[in-house]
Amino acid sequence: MIIVMKSGATKREKEEVLGRIKELGYKPHVIHGTTRDVIGAVGDERGKQIVIETIESMHGVESVVPILKAYKLASKEVKKESSIIQITDSLSIGGSQIVVMAGPCAVESEKQIIETAVAVKQAGAHVLRGGAFKPRTSPYSFQGMKEKGLKLLAKARKVTGLPIITEVVNPESADLVAEYADILQIGTRNAQNFELLKKVGQIKKPVMLKRGMSMTIKELLMSAEYIMSEGNQSVILCERGIRTFETATRNTLDLSAIPVLKGETHLPVVADPSHGTGHSKYVAAMSFSAAAAGVDGLMIEVHPDPEHATSDGPQSLTPKDFTALMSKLKLFAEAAGRTI
Amino acid sequence: MIIVMKSGATKREKEEVLGRIKELGYKPHVIHGTTRDVIGAVGDERGKQIVIETIESMHGVESVVPILKAYKLASKEVKKESSIIQITDSLSIGGSQIVVMAGPCAVESEKQIIETAVAVKQAGAHVLRGGAFKPRTSPYSFQGMKEKGLKLLAKARKVTGLPIITEVVNPESADLVAEYADILQIGTRNAQNFELLKKVGQIKKPVMLKRGMSMTIKELLMSAEYIMSEGNQSVILCERGIRTFETATRNTLDLSAIPVLKGETHLPVVADPSHGTGHSKYVAAMSFSAAAAGVDGLMIEVHPDPEHATSDGPQSLTPKDFTALMSKLKLFAEAAGRTI
Amino acid sequence: MIIVMKSGATKREKEEVLGRIKELGYKPHVIHGTTRDVIGAVGDERGKQIVIETIESMHGVESVVPILKAYKLASKEVKKESSIIQITDSLSIGGSQIVVMAGPCAVESEKQIIETAVAVKQAGAHVLRGGAFKPRTSPYSFQGMKEKGLKLLAKARKVTGLPIITEVVNPESADLVAEYADILQIGTRNAQNFELLKKVGQIKKPVMLKRGMSMTIKELLMSAEYIMSEGNQSVILCERGIRTFETATRNTLDLSAIPVLKGETHLPVVADPSHGTGHSKYVAAMSFSAAAAGVDGLMIEVHPDPEHATSDGPQSLTPKDFTALMSKLKLFAEAAGRTI
Amino acid sequence: MIIVMKSGATKREKEEVLGRIKELGYKPHVIHGTTRDVIGAVGDERGKQIVIETIESMHGVESVVPILKAYKLASKEVKKESSIIQITDSLSIGGSQIVVMAGPCAVESEKQIIETAVAVKQAGAHVLRGGAFKPRTSPYSFQGMKEKGLKLLAKARKVTGLPIITEVVNPESADLVAEYADILQIGTRNAQNFELLKKVGQIKKPVMLKRGMSMTIKELLMSAEYIMSEGNQSVILCERGIRTFETATRNTLDLSAIPVLKGETHLPVVADPSHGTGHSKYVAAMSFSAAAAGVDGLMIEVHPDPEHATSDGPQSLTPKDFTALMSKLKLFAEAAGRTI
């Protein structure tokens, strides 16, 4: 931790800061600069971030610069080799394969989900996605089929053999969802719902954590840390677009987050070009782009009849478009030294 | 709803769009433009937003422009006069008084909360704030005193007579919090935690809903609509800063949201300059500024010893600074034709 | 300057960093931390920012944290007392008076500018604004009356006695504009047009520098530094809204920038609620709000017939609305201990 | 153009809007909705955007929705086939080849630029980049070698045969730069310096226009329109990162802008992963990612000794790293059906 003093800080102010540093169990180290002093505080500041904050409110202090990273279990400094997370006996994520998760935004009917599952399986997808509990911006929109939807997902798994990923929206229903799902999904709007993060941290199932719309990469890793600190190390991170001033796309898919995350953490990273762009016509280009950037997986919305979808129609691919995407994706995966 | 066709849309594509519009129960109305056609769909689109989305994925469609507002209960179109929400027998918000809610970020001890309550009461605050359940970015930070904290808040209320506002972090503990609190607070990171919104919509207590860090004003009103559509009309909106590229302040307090909200909704609007700026030295100026912009209330962090606070130290005022703020705030309230 | 080494940095990497620091004329100072080393480099880094950048690309270096502020002439550290900038013999900005600059976006005709000038003068404005050279997003929009517009502004000054502020759009025409204007305005889109900044830095006229749409407060001060380092110390800063995800307003007026700037610089600060909000109905509230936040001046668009304005109609006030605004503004100025 | 009336708009207000529409040469077309009326105004609104703005300030009007695109020459609606821009007799951009422009941020010395030119040529680059006039955030930073730098670039072209791209910073020096450069570059901070855009629109040399840091895709196309409307159709667009809240990268490279631009315009599109990320370690991944997203070219900073660069050291690749990048880029170009 580095404390930058104001240029006119008094001797007494400096002494009080030094006293407070010692009181907190750190060793102070003063550097006398040309216009101001800078104090290094040596010690393990992880989990004591509050210390940093409070010193900033002392007289004579200009700013406080944390040095240590706030996350630990998620950090590559602590675990250097990439984590490979087992989804089923024959499928894992984080290795050489780019795992493709595809399916509708929401489970709407048995016909719809089975038809989609068969189609995406045939096109080469590895995991079936589909929401049973749907967090929707409007209270007047379709909120999902709930447990009935989970049962249909299980049926689709039985038919196709595809493992399923589906969203958990509150701690209360987490165990229920975990009975059916192979991967639990934490949605964007719940990315800092800490009660929910703690809960899925206690369940023994892989969790895919989506980045919040205005979440920094550091904060995403802190949310992963919440899950991991409860005992669940099987966390998959998902870049799904951040909110910016640009409105041509629904969000701005931050693909540079992929190499940044790959440098910071050992956890697998997935991209969601469907939510990232919001328009089906951009999904293929962004899927290839994400593969080239180094993702371990892709999450893509596919619907047999996008015009009649109950949600996210405009960003859903038809099975035909998805099949075309998969055959081109193979080329980009190969260029990246990966398989699909 | 307005559907803009592509400039080269075929006759057949137009016919299919017209068919779909009718199928959805709307009356189509074509305007032949110089370069493209535009189709108006007449009917009540509220609660059918999905229609809008799906038509966008039809061939020949360039974009779909919704006309009707997605919120209803929160809208000034539906209820023209301002809502005055009763907090206690003698205190209400939304009328001519600017209601000041002050207190520490977190309840830390009996001494701390009683001492603060007495001080803010003396300075003229109307409501005591204090978190018992704390959603923190890091799992290693202090997570709040929980029910013990609620009991201490109740004690502080008894001592000072000040009603209390405190945060609800998940549906499970909402009833417990409601037993103690006079106003339930929904925090920024839970502003689109729809399960929680539904839950507090079923409780008969006023709710203060904080704007999410990257939430548009429309989305904030949609979240209010969630609470209201469950039966609870006592919703107070809170502007607390949005996330932008500027880092000199912790967030960017969007004070223009206040007149915008005042034009769109009948609900009372509060500002939180403590979280909005993140630095105690900017809190007074932003409090005055919010009062001048037309807020119905202010939420301000006060701590007897900011340097030793367990959270938000740098943005907390000392009781002395808060007292000075209150005496100047009076002048701005008067200029605005309000009292405090 | 603080150099944070990677946790696994080798001895040799550290030595090379130490060598480079000395080579650049700084004195290194190593702090051995628990997980990584941190090196303080003592010396005046101002104007040597490049040093900071390049060390970051050395092996074993995690990040480089600058300590000294990059601006100097604009800084309050160098000049503590507020600058009062003389506009005319009887008018200055930066003192106790809040200076109101009002007028149309663009000069359109003699009738229009004289009529507006008379009206804003009568309502109490101190400076007449009006663009003769107009930077417009579309090449097909009205680009201003150019020198003819300047002559009309001069005529309006003669009629009313109001000094005039008008925009300079390129170095070539700066001297021409300076012949007519009392204050030179640098527009948002030119806030980092460094060639233009240098040019107005060589002219002996006050300059009002608008913040760029995505400019940090630090960068705004660096642009002021450009003007000042050429010899012109009469710089007025203008907050006019930044670009964020919110679309209810044209920009997000960052009023917290006002106390931040007041803490960082001795230069006067003005707010432009017309461009900040983009809608005339929000201009009054934001003017009062800016006054309460501590501005030294306001810039407000007024047009005798907004519906027929050649630009910025939706954000222009009628003379009648402006007169009402001014009479209320007086109350907020008084609350702030200021006059208008 | 669509005018949305307020739900309570009076008959007289509607009539005045209808009158104004006719006055402006449009044909009005009223749609009576369930809660409000909507008026379509048929006619060519391009170049009359101001009309749209002013109607919004009329009584009874809620909002105005433009339908027609504001750009014309840049639009794919007007010219369907992709533009192929000739740079030299043997090199063009916009066809099947991905054109790689590489070199230092700034020309620093003869040795530096020749050495870099030889290295990037050998690695397979097609164009040499290098700044002679440098727009720098700080007035105290190196501002470029100016004409001497241009001469050195010309020398490097002679030695290697590589055409050169270099930045133009003001209208005055544009002709001078055009004497030396094969492609004129408009930098990010000048992307809405309309005087400069007009000037390069009058020069017969290809122009690469960089997107401003907070510029929407529409605005970028409007700036291209400025150049094209002056007669120069050889415009290359460059995505170089937008400003967002994320600080892990210098900017957020908006790769989804590539398919969006490809759908909107016939102009070639280039990406700059060096400025887009700000850190050399992310440049390769983002180059591959951009190629997969469909770019026609890449602009990459290469410096023989990044640690001693006068600018942008941290984001510059060494010739060795660049050579490695190029050999992998070939694979992604092939996957995209392109050559390099």
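A, B, C and D label the chains in the order they appear, each numbered from 1.
The working rule: a residue touches a chain if its C-beta (ideal position, glycine included) is under 8 Å from a C-beta of that chain, and two chains touch if they have at least 3 such contacts.
Note that the coordinates shown come from a computational prediction; the quantities given were computed from them, not determined experimentally.
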* Hey, what chains does chain C share as contacts with chain D? -> A, B
* For chain B, which other chain has the most distant CA centre? -> D
* Asked: Is the C-beta contact count larger for A-B or for B-D?
  -> A-B
* To do: Quick one: report the Å distance separating chain B from chain D, using the average Cα coordinate of each chain.
  => 38
* Structure fact -> Cα centre of chain B to Cα centre of chain C, whole Å, reads 31
* Structure fact -> Here the gap between chain A and chain B, centre to centre from mean Cα coordinates and rounded to Å, is 26
* To do: Please set out, as single numbers or ranges, the residues of chain A touching at least two other chains.
  => 214, 243-245, 247
* Asked: Touching chain A in the complex: which residues of chain B?
  -> 20, 46-50, 53-58, 70, 135-142, 169-172, 189-190, 192-196, 198, 212-214, 219, 222, 225-226, 229-230, 243, 280, 306-314, 316
* Asked: Where on chain B is chain D touching in the complex?
  -> 2, 4, 7, 29, 31-36, 38, 40, 42-44, 65, 67-68, 77, 243-245, 247
* Can you name the residues of chain C that touch chain B in the complex? -> 214, 216-218, 242, 244-249, 252-260, 263, 276-277, 281-282, 285-286, 288-294, 328, 331-332, 334-336
